[in-house]
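In what comes next, chain A is part of two complexes: it sits with chain B in the first one and with chain C in the second one.
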Partner chain A sequence: NEPERSNVPNMTDITFGVVGKDYVLMASDTTIARSIFKMKNNQNKIRTLDNHILMAWNGPVADSINFSDYIERNLELYRFRNHSSLSVHAGAYYIRNELATAIRSRSPYQVNILLGGVDKNGPALYFMDYLGSIMKVNTGIQGYAQHMTYSLMDKQWHEDMSLEEGIALIKDCIAEMKKRFLISFDDTTFQIVDKDGVRVLDNP
Partner chain B sequence: GCFKAVLNMVSIDTKFLFQDSCGLEGSIDHELRLDEFTGVIVPIPSSANRQKKTKDLLNQGVSFAPETFQDPREPKIKFAHGTTTLGFTLDKYVVVACDSRASMGSVIASNTVKKIVHINDFIVGTIAGGAADCQYWERVLTTECRLHELRNDEKITVAAASKLLANIMYSYRGYGLSLGVIMAGYDITGPSIFYVDSDGTRLKHHLFSVGSGSPHAYGILDSEYRSDLKEEDAVELARKAIYHATHRDAASGGTIRVVVIDEHGARSVWEGDMNELHEKYQKAKAKYRSDQMST
Partner chain C sequence: GHLFQVEYAQEAVKKGSTAVGVKGNGVVVLAVEKKSVPKLQEERTVRKICLLDDHVVMAFAGLTADARILVNRARVECQSHKLTVEDPVTLEYITRFIASLKQKYTQSNGRRPFGASCLIAGFDPDSTPHLYVTDPSGTYTEWLANATGRSAKTVREFLEKQYSTDSVATLDLCVKLAVRALLEVVQSGAKNVEVAIMEDKKSMRILDIESLEKIVSEIEKEKEEEAEKKKPKK
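Right, the complex of A and B next:
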């Protein structure tokens, strides 16, 4: 009987990530729920780390916010100490290490992560779960959305997608969720990272 | 030394109290000792059958983690949970309203609980969940906010105060605390409200309602809330929402209190019994219907 850590179920956050020609596009829903209620409907679940990495979190708010703050500040500390930022690959593995260390500690972080960034090696997207597993992927999905949209992603994704194609792919996935997923969600935020950094897409 | 003497004198009572409150009944006959380091009273299993008894002890849970603290279906310590609290921000001020009922199971423990805590002149917090936890930790927060003022020579913001509380709650995860606080205030960034939880959740939004009666309050609030309401309309909305929640939720009731916080500080604008409000609304409804029918 696993102890209940909070009222918020882990899987109903919806997050997508897609690797394109020279960018990584991420979208997530903006609802925070508490048992059967929506407490907030404009929460940005995609955190910007170090100006060139996007980290989308899924899970209970307390764990996710605390973990994101912790990672953000440690990456900044690295930058201050070493006069250069961690690469996306190194950053991803650092985060994975923190998750994996925490899993056997007194309080594991119940956060699933989708990490996207662009550096001199090109665009990269990493899928991490709260146990500390990590995979470099081209299309990343978290939560119940995995069941419903992996097939869509597999069908439509191809190498070197343009921005319009990437946006269309994620929009198709969102439409599928709105059609088939029992739990409704209102808005989604779209954020993109490319060689110029991170920005929000207001009307994708 | 002195504490030990006192403990020996009251050892029988504490034994019963301890067994009662922690659900360790009858099956193990053990003595109590005072752990000098933590100041916690712990049982000593007798040397015979030590392994079995230790295992039993561990299984019965001499700890405060939620899964071992007490059986949620038959709790020995019943927390006062029922409540309706709400808060919302308008353009230039915040309105906070609460009921005043504390219920323990099916008994109304009190109908005159003060659920709005004044943390300082510009910030208030509400109480929902475990009353003792809320009262204690909001008092701790009050001292921390005052220390912030003394150290930094500036008034603490609502964001900082709520983050202080959220961090404390996060560090006490697994100890069985139960808190659902709406922190409302006016600071240099304007009016704001935050929801802080015993899990460590901290959310910022323009409208929150917490407690067993919150679904009913949300119904009224969502249908009539606008960010440009005048103060008297906003107060009436808050009052009406709490009234409807107390009407439908058995665990909410008593007097309804409404507080407004603006640039001049927090002030209590209305306090009244929900039954009197009920009479007033019923009369108004009857009059409206009779007017309708006569036209």
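Right, the complex of A and C next:
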């Protein structure tokens, strides 16, 4: 018997993505819940793919990790076969295709994705969900956080934001979540991708 | 008994351009003969030296098309291994995989053996260097230094005489030995040789043409000096 799964992935993961002047900044909470418990407090929900793409996942840990591993390995295989990495745009559409194929099969992945990267076309952020939809956005949010922070992002985001402005915007969103979201969370992780690649911001 | 198809495949390998592998102190070097291309053809570098994973590199002698299949299958297997056990392949594992694949094609109907011998080099996750050789029959063996392809026997005999822990004690010495061995059977000149260097936890490096030319001229000088010594003194 297959384990019971809901049709909608859990929405309680908090992930944000913001496109800045020449970078994409992403942040996520680091809590993993299991029924009424916080099982883990330091889970990184933002995967690094191929050293130049950030992929934040939302959803049950099983599907998210399984899917992330699968994508990571396939992007690496592409790199060895073709002697160069997939561009951010191509990578996003490759991932979307995998999700779209899976939803039409007997075993869909319950993962929502925020994908960020910088290549020769500049910074790009893609919003993808488990049904296989894809949207190129300037501000990306997943889960319940969308209800509480989209308006905040709309008000504060503008083109060509500096890193300080980007960090301030996401910090405001996190503060709003801490104030209004029922499910508490302690730590968050900030990661940035720019033309030099991917790195973690230790003290944003 | 004879398996003629396998022997014919080994003949195909003997016709291919030479490839040499030398394991040194903290380094493994692969050197291949770069066949001169027709004037109008685009010269493409790194055709015979293929990266299978960040820590495994392969050179081959024989039918390029056959080797391409092997390289592709090996690349997929490297990633598949990482996906299932979260660890990069060991050199022995991937060599065994390639060798098993070759063996399957010597024992199935409707198929012919792969006409390529592979030199597989790199560092295991525990930092030990390895050099393996596979042949069309599906056997694999580990070596300190070996050659395959045209005139491989001559190169191997040269290596047997010249190889020692002293002669490969540094990266430069190891590279020089590999190039020197290859130049025994290949027309002298940096443009006829391609060298790949594998060091632990570093990406594969293809030696640039300037360094290669320097090494070749050093080798030429050493050869002249040796020839002078051998001349009878008046």
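Going forward, the second predicted complex is superposed on the first by the 196 of 204 C-alpha atoms of A that agree within 3 Å, B and C clash if a C-alpha of one lies under 4 Å from a C-alpha of the other, contacts with A are read in each partner's own complex, and residues count from 1 in each chain.
The rule we apply is simple: a contact is a pair of C-beta atoms (placed from the backbone, for glycine too) under 8 Å apart; a residue touches a chain by one contact, two chains touch by 3 or more.
Worth saying up front: this structure is predicted, and the values here are computed from it rather than measured.
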| item | value |
| --- | --- |
| Contacts of A:Phe80 with chain B and chain C, given as first, second, both or neither | second |
| Chain B versus chain C as contact partner of A:Phe37, first or second or both or neither | first |
| Chain B versus chain C as contact partner of A:His158, first or second or both or neither | neither |
| Partner with the higher number of touched chain A residues, chain C or chain B | B |
| Partner chain(s) touched by A:Arg104 [first = chain B, second = chain C, both, neither] | neither |
| Partner chain(s) touched by A:Lys179 [first = chain B, second = chain C, both, neither] | neither |
| Contacting residues of chain B [partner chain A, same complex] | 65-67, 166, 169-170, 173-174, 195, 197, 199-205, 208, 214-215, 218 |
| Chain A contact footprint on chain C (complex, rising order) | 46, 51-53, 72, 75-76, 78-80, 82-83 |
| Residues of chain A defined as touching chain B within the complex | 1, 3-8, 32, 37, 39-40, 42-43, 60-63, 65-66, 106-107 |
| Chain C-touching residues of chain A, taken from the complex the two chains share | 69-70, 73-74, 76-77, 80-81, 83 |
